[in-house]
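Below is one structure; the comments refer to it alone.
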C-alpha cells in the first residue's frame, strides 16, 4: 500500500489512457459519456455550515468544495469610503489531492481565487454601497472562504457556484451593532463556464484527466445582463480568436442554463 | 571531531544502554541512583536578569532554563475589558540540543508552552483584574519568555518552576504611567509534576535518556488549593486509568514538597 | 547552453585567473588597466523614475543600481516625536547575479543596506527635523529603495551614490496635505569609499573578480565636514591598524573627488 | 473558563436540555473524499469535520523511519468554521491539537506493519461547536481504518467538564466557554488504555474521577457509531 | 473599474490626446543586464521595465522535466514604482501575473529543445503606468530571444479596454483606474494564436470583438519594435 | 547618537564613575552548556551572554566546503533582555551582527583543519547593556576554544566611542544612546590585526586614532580574562 501512488498524482496519465481520451473526444463524446458541453452532475447543499453568515457545498462530479461567508466590521479602503469590502480566498486543501501542499497558497490557488473574485466583483453582484456602517470609518467586510475538499477538475466553476450560492443566502449580522439583520444585498448572479482545449475541441467542465491532456483552459464569466465580466486564459496552450468567440457563446448558453437550474 | 555526534542526538540510545535503564527501573532504582519519584538536584537563581520585571534561572540536574518577565502596556481583549493579559512562550534554543532548530517554534515547543501556560492561567495565579489601567482601553500585558539553554529532560517542570518563580518576583512598572510600582498580584503557586512511563513504572522528573526509553508522558499541575488545574498526556504511549490516578496522587505529594522547598 | 554556468558564479575563479590578478596588483596595476585607487567609469542618470519622489540610476563599470525615493505620511517613533523617519533597503535582485535568490533579504543584502544607511544617517544628510507634519503625531517617512540590477562588485559605493543622488533630487509632496511641495532638506553629502585587500595592497572600487580574490573589505564614509560617519570591515580577512589609517586617508581623498565630480 | 453564567437550569438539565451524562447526537460517514486512501465525515452536535487519509512513502528519505510508519495529523480550521473569521494556516492551538491527535493515532496503528511509510491525516473543521479535537480524533480513526491501515483498535474519544460546579459529559459551546473545566480524553476501547488526555480548569481529584467514569461509560456508544460507519460502507460495497 | 470620471474629451480624443486606436510610444533595448544570458529594457509610455533571463539546469533534480524546459517568470515591482510605496516581495496580484506570463512564454519557447532546463525570466518593474503585465511579457519575449533560447515566435501583447463607454487601445493609468473594462491579450504573431487573455469589467460580446480587432491591428507594429531591438543588437555587434 | 545629554560629570569622570579609559568589570566562565561541544558565559558590566558551540559535518552535502570549515554564528536576543520586549527571531540588526561575528571568528579558526565541517556558534543575549556584539564575540572565541577547535589566536574585542565630545572606552548604555559615536573593534592579539571594525557617528581622523589606541591598550587585559577562563576549566578538570 505504501508505494501506491494515485493514478493521476503528479499529472502522469498513461499514454494509452491519453489516447483513449483524445480519440473519444474527436468523436464528440467523452469517456464518461458526456457531450463536449455537458457538465457532470451538480449537487448543491445550501446552508451547509449554519453558523456561517452564508454557505454552500457544491459537488460537480467528484469535485467537492465548500464556500462559507463571514461578515465582520472593518475599515473601508481610503479611496472608497462609501463601500464595503469583499475578500475571496480559495484553499486547495492538501486532503483534496496528493500534490496539494499545506502552507501559503500556490500560484494555482491564487489564480483560481482571482478569477472567481473578478467574476463576482466585476458583475457588481454585491451592492457594496449598502455595506457602509459609518461613511469613511466603518463598513461590513465580506470574507468568502472556499475550501476544496476533493479535486477532480474544474475548480473555478465549482468555486464560483459555491461562492455565489453562499452569498445569496448570506445575512449581514447588523443586530451586533444594534440594527436589524438583513440579507446581503445582491444585484447579479454571475456564472463562470470553464472549457479546456483537447485536440481541436473545446470541452466544458473538464474532469482531472481531461485537464491533464488539455492544451489551454479558458473561463468566461457572464451575468444575467449577458455581459462578460471576467475572462481568463490559463495553463500552457493557445486559442484562436474564433475559438475564444465560440467559448463566449458557449459560456453564454450554458451559463444561462446553470443559473436557471441552480441559482434561482 | 567533526563526525562526533552527541550520544543522544536524534534520540538514538544503544540497545544495551536501554536495557540497563529498563532493568534498573524494574528494581525501583534509576541509573543515577534516584528512586522513581525523586527529582534531580534543583537550583534556582532568582532575579537572574535584573533589568527584566522578574526573572529566574532554574536548573534541574543538567536541564537549564531562564524565565524573564516583561510588563508592558497594551490593549485588553474585546471580550475581557477588565482583565490584564498574559502571554507565555518557551524557546527551545538551538544551543540546548543538537536537533533543536532556529526558526518558528516546533510542535514540541508549542505543546510545552501551552501546558505550562495552562497550569499558570487556570490556577488563577496572576490576578489579572488588578492589571487594568483603564477599563476596556489599556491594561498591563505580562510577557513570560522562557529560554531553554541546555536540554537534559523534563523541560515542562523546569519551565513551570522558572515562570512561577519569576512571576513571584515581578514588579509592575506603574511608575511609567505616573503611579507607584507594585508587586505583581499573585494568588496561587501552581507546581507541575511530570512523569514518564518506563516499563510498567511511572518515573518522576525524567532525564533525557529516560524520556527516550519511555512510552508516554504525563504532567499534572496542582496548586496549593489541592485542585488540578492542568493535565497533559504527551508523546506516543498509553496509560491505564489507575496509572493516571496514581500520577495525580504523586503530583499532589511531590508538588507540595517542591512548593514548600522552592517557592515560598 | 543549459549547463553553461557564468564564469564567476558561486565565486569560483580559476587558479590561473587568480594568479593573474594577484601578480598584476603587485605591480600596482589591475587587469583592466586601473591603478589601485582608480574607480571604474561612473555614469549617473538623475530622475530615472520620474514618478518617484526622487531617483537615480548609477552604473560603476558594469555594476548597475537604481535608487528610488517614496515620501509618505506616517507616525514618528515614540522617542523622537519631532523627527521624520528614513528607511533604506537594498534588494539584491535575482536578475543581478546567478546566486542571488528571491525571498527575504540575505545577510549580505542586510549588511550592505545597513552600511549605506549608517553613512547617510550619521552624516545627518537629511534634516529630519524639517519633516514633521504634526509634532509627535505625523511626520514624513522617507523610503529609500535601492535595486541592484547587475552585479559586478562594489555595491556599497554604487548604492550610496545612487541613494545620495536620489535624495538630493527628492521633493516632499506636501501639496497632498494642503501645503507647498518642497525639496527634501539636505545638509551633507556623504560619500562611501570601499576598498578590498588583495595580497598586501588596498584596492579601491573592486570589481567582482577582485572581490573574489580579496581578503577583507573596508568601507569608510566621509562627509564634506571631513569627519568619518561610518566604517565597516566586512568579509573574512584582517587589516593592520596602519592599513585602516591608510584606508581613511584614501577615502578622504577619493571621496572628495567623487563628491565634486558627481554630487554637486 | 469563567463561571458566572448559569449553565444548569432549575429542572437540573443543561441549557440545551441534555442530562448531565447525555451526549449530543453523532453521525459518521466514510468514503467522502474520493481522491484519498480513506476518509470520514463526522457530525457531532453542530460540529462538522471531514478527514482524509493518505498513505505514502515518507519523503525525503532521511525523514523515513526504517522500521515503522510515521503518523502526521494536521488539524485545520476553515475560515468560516468559528464565530470570528479564522485566518488560514496553523496557529499555536491547532499545532498542539495536531500533535496530540498524531500521538493518539500512533498508539492505535500497527506502525511496524508500514516501515518507511507516512500516514497523513488531514483534518478539516468546517463547523466548530466545542469538542472538535475529540470529534476529529474519533473521525480520524475511522478514516485511517477506511484507508486499510492496520490498527490494533479504533481510538475513540469524548470530553467531560465542569459547568456550574457540576460534572457533565460532552461540553456544549457555552459550557466550554463559561464552565470551570474541560477534560478531553481518548482511549483504545479494547483495553481501556488512555491515549489522549488533557485538562484545563479547576477540578478536585474526586471530580476528575467522576468525569473519567462518565466518559468511560459513554465510549462504547461512540465506538459503535464508528463501527457502524465502517460496516455501512462495506455492506454498501457488497450490495452494489 | 468605476465610471464617473470623464475620460474622453469633447474633441473625441482621450485625456492624453491619443485617438481611440493609438498606442503610447514604445522603446525596447537588449543587452542591458551584463550578467544575464539575455536581457531587455522596455519603455512603454511611462512604464519602465527591465527583464533578465538565465538558462540553467533545473534544481533540485526532481524538479526537472526530463523531456523539456520549465519556464519560470517572476514579475516583481520596485518599492518606488507605484504611487504608494510597494513592500518588497510577491503578492497575490504579482503571483498571478508571474503565472500567466510564464504560461504565455512557454507557448512560444521550443521547450523540447532544452530538456532538464529551467528558463528563469526575472521581470523588474521600475516604473508602472498601466499595462505592465503586457509590457513585461513583450519585453520578456525579447530577452528570452536575446538569451539564444529557441523560440517558435516572439510573443507580443497589448491591452484594450473600455473608457467612458468607448473601446480604446492601450489603456492609460486613468483609463485603467476609472474605465469600465481592461483586456490584456498576447499572441504569437505568425499564427495569430492567443497565449494570454484576461478580462475584467463589463463588456458586451460586440465590444469584446471590437477590442480584440483593435489589438490585432496594433500587434504587428509592436512586433516590429521587438524585431528591431534584436536586430539593433546584432548589427551593433557586427559593426564593432 | 544624539548629543544634548551630559555624559561627563564635572569631576571629569563618566556618569557611572569610570575614567575615560576604564572598562566595566568582565567575568567569563566556560563549560556552562553541558550538551554543547564548547560553551562560555560572559558578564560584561550588566551584559549577560551565553554562547554554545557545536562542531558537525555541514549539512546538506552541497553546503560543505571540501577544504575547510564554515563558521556560522547566530546572535539572538531573549525577549526579556532589553528595555522593550524583543519578539523572538532574527531582525536586520541581529543578522548583521551574526555576519560580522562569523567573519571575525573565521579569521581566528584554522579552517583548513576541519574540512567539510560547520562550526555553529549560538549566542544568546540574556541581558543587554551596550557592547553586546563585542562581548558576544569575546565569549564566542572562548567557547570555540573550549570546543577544542584549532585556533590561531583568541579573538578579543572592545568598543570605544565619543560621549560629550570626549573619546571614552567601553561605552555604557547611556553613552551608546546619547553619545556621538560608537566604534566596536576586535583583533587577533598576537598580531594586532583587526578582524572586526565598525563605526557609526561623527569622529575626526584624530579622534578615530585616539579611540583605537585606547582600545589597543585595553585588549591585553581582556585577553587575560579569556585565558584565565580557559585555564580555570582545565585546572579544575585536573584537580578533580
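Letters A, B, C, D, E and F name the chains as they come in the text, with residue numbers starting at 1 for each one.
Keep this in mind: a contact is a pair of C-beta atoms (placed from the backbone, for glycine too) under 8 Å apart; a residue touches a chain by one contact, two chains touch by 3 or more.
Predicted model only: the values in this text are computed from it and were never measured.
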{"item": "Interchain contact steps from subunit C to subunit E (minimum; 1 if touching)", "value": "1"}
{"item": "Chain separated most widely from subunit B, comparing mean CA positions", "value": "E"}
{"item": "Chain whose mean Cα position lies farthest from subunit F", "value": "A"}
{"item": "Computed distance of Cα centres, subunit B from subunit A, in Å", "value": "48"}
{"item": "Subunit C and subunit F: spacing of chain centres that average the CA atoms, whole Å", "value": "27"}
{"item": "Whole-Å separation of chain centres (CA-atom averages), subunit D against subunit F", "value": "52"}
{"item": "Approximate Å spacing (C-alpha centroids) for the pair subunit B, subunit E", "value": "58"}
{"item": "Of all residues in subunit A, the ones touching two or more other chains", "value": "105"}
{"item": "Ring path (origin subunit C; first step to subunit F)", "value": "C, F, B, D, A, E"}
{"item": "Residues on subunit F engaged by subunit C in the complex (per definition of touch)", "value": "1, 92-93, 95-96, 98-100, 103, 106-107, 183, 188, 191-205, 208-209, 212, 216"}
{"item": "Contact footprint of subunit E on subunit A as seen in their complex", "value": "105, 107-108, 110-111, 113-114, 118, 121-123, 218, 226-241, 244-245, 248-249, 252"}
{"item": "Touch list for subunit F against partner subunit B, complex", "value": "32-37, 39, 46, 48, 50-52, 54-57, 74, 76, 78-85, 88-90, 114, 116-117, 120, 122, 124, 126-127, 129, 148-149"}
{"item": "Subunit F-facing residues of subunit B, complex", "value": "1-6, 48-53, 55, 62, 64, 66, 68-70, 72, 89, 91, 93-98, 102-105, 143, 145, 147, 149-152"}
